[in-house]
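Each of the next two complexes has chain A plus one other chain: chain B in the first, chain C in the second.
After this line comes the complex of A and B, so read on.
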């Protein structure tokens, strides 16, 4: 009976729950879903990998290290390239073919969060100034979409990068080819404080709920994503149009985001 | 020189010269090492404005004859033209026709000649343009009374003609004016403003130099009568304690811009009605 009602009048179904300050999956309005993380599943083919289960959302990310030539403007810096894939495998709304505007904007934003946070200094990726540097290719794939892709993606990306180990290279003088020096142990990538993002959805210009799942995302046209690190530095703040909110509601979201950042930073560091 | 020769003794002159040279060397070193200062000690920005002043705003409504509504908006040196077509029948069969509301379609492009260096020609498929188009579409969905135009489509086309910072904000303001010119029912103006944070001060309405300086900046769009925030986009990082200050400054900036644009729209309507009366 409840299922039929939900499939026909999803908005009214949700409104009844929100009146009682609770959501159909049992969470409170400000509660995030549990996140579980496992790393190193794709070893040894991927240089670093992570799988994130965020409620029913499943994300797999893999990192490969390659060599490249630094640009002329920044001869002392390497590269980080982030590619996000949302295929029809994870949810039927994505059609095969070139990425839609939505897919491109999500991919763009994940990259922006990492760059804005400044947690990775690209100078550590340089091997020989102007000639050779490391290029980190991160590919993030969604296996099951149940809402809140950005937060889960971010956790997968950061846990991958924090586990990445970079080998030491010697450049053979005669053939001018780089070779891996097996004697020196791999060094970890140095990362500063992790930027952790938290997404909130706005209903009917009034109610703000944390961590929307798929059904909740389809009911709202407005999300707020706040990216903070545990120090309280905001690395990204974005509200995507849609329903309007008051400025003090943003402050409430900000506090929740900082708490969530502490939880998730601990989770990533503990593994 | 003859006076100097008489008043200042020769050995004092060499000491004076040496001091002047040393001081000027230090000043040059200071300027070169500190980079471009966005806010000088006297509180002036690179273009001579104060921190709370926005650039001069000029707008012209109804300049395109084919479009249902159009506007050319200039904020300082940033020039944006926006055209609105609609409400009309849904043209693309791939987009679902909505039974109870209008679909808003937005396209944001930057002209190749808009900056000092020529930008490559495929600005349409550029990731950033696509992202901004989607965000602007969502922003206006909360401002237009879409339920008054069921089963139809409203197109908003925005083109940046000259780019000197705050392109995104000027684009939203121009689209707002174009919607008004097209007589589409809206809840309120959608006003947008950008703020950059440097030296513990918020600078309103960033120019290109301020935007590209990698200081933290915020672009917001609000409905001015209720001060409710519809869009927020931040660049670079800042501490969360500064958020309230930045938001307040940006909301204040939006209200200033709203006053000006409101007056310009009313002037335009008065002129049109006077012309109509004169013709009859």
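After this line comes the complex of A and C, so read on.
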């Protein structure tokens, strides 16, 4: 009975729950879903990999190290290239073919979160100035979309990068070919404080809920993504139009985001 | 007809000054930069506006509501399409997609879309010169173009860009100021309650800086809305018949 009502009048169904300060999946309005993380699933194909289960949302990410030539503008820097895949497998709204505007902007934003936080200094990826540098290719694939893609993706990406090990290279003087120096142990990629994002949705023009799932995302046209690190520094703030949010509501979201950053940073570091 | 903003003072405030926000903005020093605005620059469209803020110039044009194919129609609202053309010829960069999406969703919330169901509204923006604070210039010019077009709106949007430097905050920073800033924040407010409609930040800032940015941006937004109202009054006072030539 409840399912039929939900499928016909999703808004009214949700409104009845929100009045009682709770949501259909049992969470409170400001509660995030549990996040579970496992690493090294794609070993040895990927140099570093992670799988994130965020409620029902499932994301797999893999990182590969390749060699490349640095650009002329930044000869001392390497590259990080992030590619985000959303296929019809995870949700029927995505059609096969070139990415839609929505997919592009989500992929672009995941990359921006990482760059904005400045947690990875690209100079450490340089092998020979102007000639050779490491290029980190990150592929993130969504297996099941149940809302809040950005936060889950971000956790998967950071877990992968924090576990990436870079080998030391010797460049053969005569043939100019790089070779891996097996004697020196692999060094880890140096990352500063992790940027952790938290997404909130504005429901019914007045109520702010944390971590919207798929149904909740379809009911709202406005989400706020706040990226903070464990120190409480805001690395990113994005709200894409839709219903407006009051400044004090945004402040509450900021506090929640900082707490969430602490939880997730601990989770990523523990494994 | 061009209208000039009354002062040219650019607001630079240090972090040590305690700013009290007065509801009555007449008591506060004007912190808006010089803004030039002209309605109806593109005569073939339903509404247009040429907007210049410091030296960033943007033209926006509104066309709509118009007929769109049945498969693209929405029963309960109008479909908005935004195109931003940059001045450097870079048509398909993903940064442009991000900007278009922010403008589209901001415009969707400010328009009464249910009035124009099963139609399309297209917003075309052309960047003529970019000297910083581009996103806020784009959103402000879209608001004015929508007003010029006469479409029903819930509220006006007022967008403010703010750059956080080591010891000061700058409203509507130039490209040079943006590059030397540790963070830039664009906040877009509605003109009724001054709640946050959209926001976008780059760089890192701590919570204290964010609070100050919010206060400063609110001030600037209130003054901007006042200025918009002044522009609209002048425009309606000098109302000319639709078919006249400029």
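By our rule, the second predicted complex is superposed on the first by the 271 of 271 C-alpha atoms of A that agree within 3 Å, B and C clash if a C-alpha of one lies under 4 Å from a C-alpha of the other, contacts with A are read in each partner's own complex, and residues count from 1 in each chain.
Note that a residue touches a chain if its C-beta (ideal position, glycine included) is under 8 Å from a C-beta of that chain, and two chains touch if they have at least 3 such contacts.
Just so it is clear, the structure is predicted and the values come from calculations on it, not from any experiment.
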Fit or clash - chain C, chain B, common chain A: clash
Touched partner set for A:144, first chain B, second chain C, both or neither: neither
Touching partner for A:124 - first (chain B), second (chain C), both, neither: neither
Chain B versus chain C as contact partner of A:74, first or second or both or neither: neither
Touching both chain B and chain C, residues of chain A: 101-102, 104-105, 107-109, 116-118, 221-222, 224, 232-247, 250, 254
Chain A-facing residues of chain C, complex: 94-95, 97-98, 100-102, 104-109, 183, 185, 188-190, 193, 195-207, 210, 214, 218
Residues on chain B engaged by chain A in the complex (per definition of touch): 127-128, 130-131, 133-142, 218, 221-223, 226-241, 243-244, 247-248, 251
Chain A to chain B touching residues, read off their complex: 101-102, 104-105, 107-109, 116-118, 205, 221-222, 224, 228, 231-247, 250-251, 254, 258
Complex contact set, residues of chain A against chain C: 101-102, 104-105, 107-109, 112, 116-118, 221-222, 224, 232-247, 250, 254
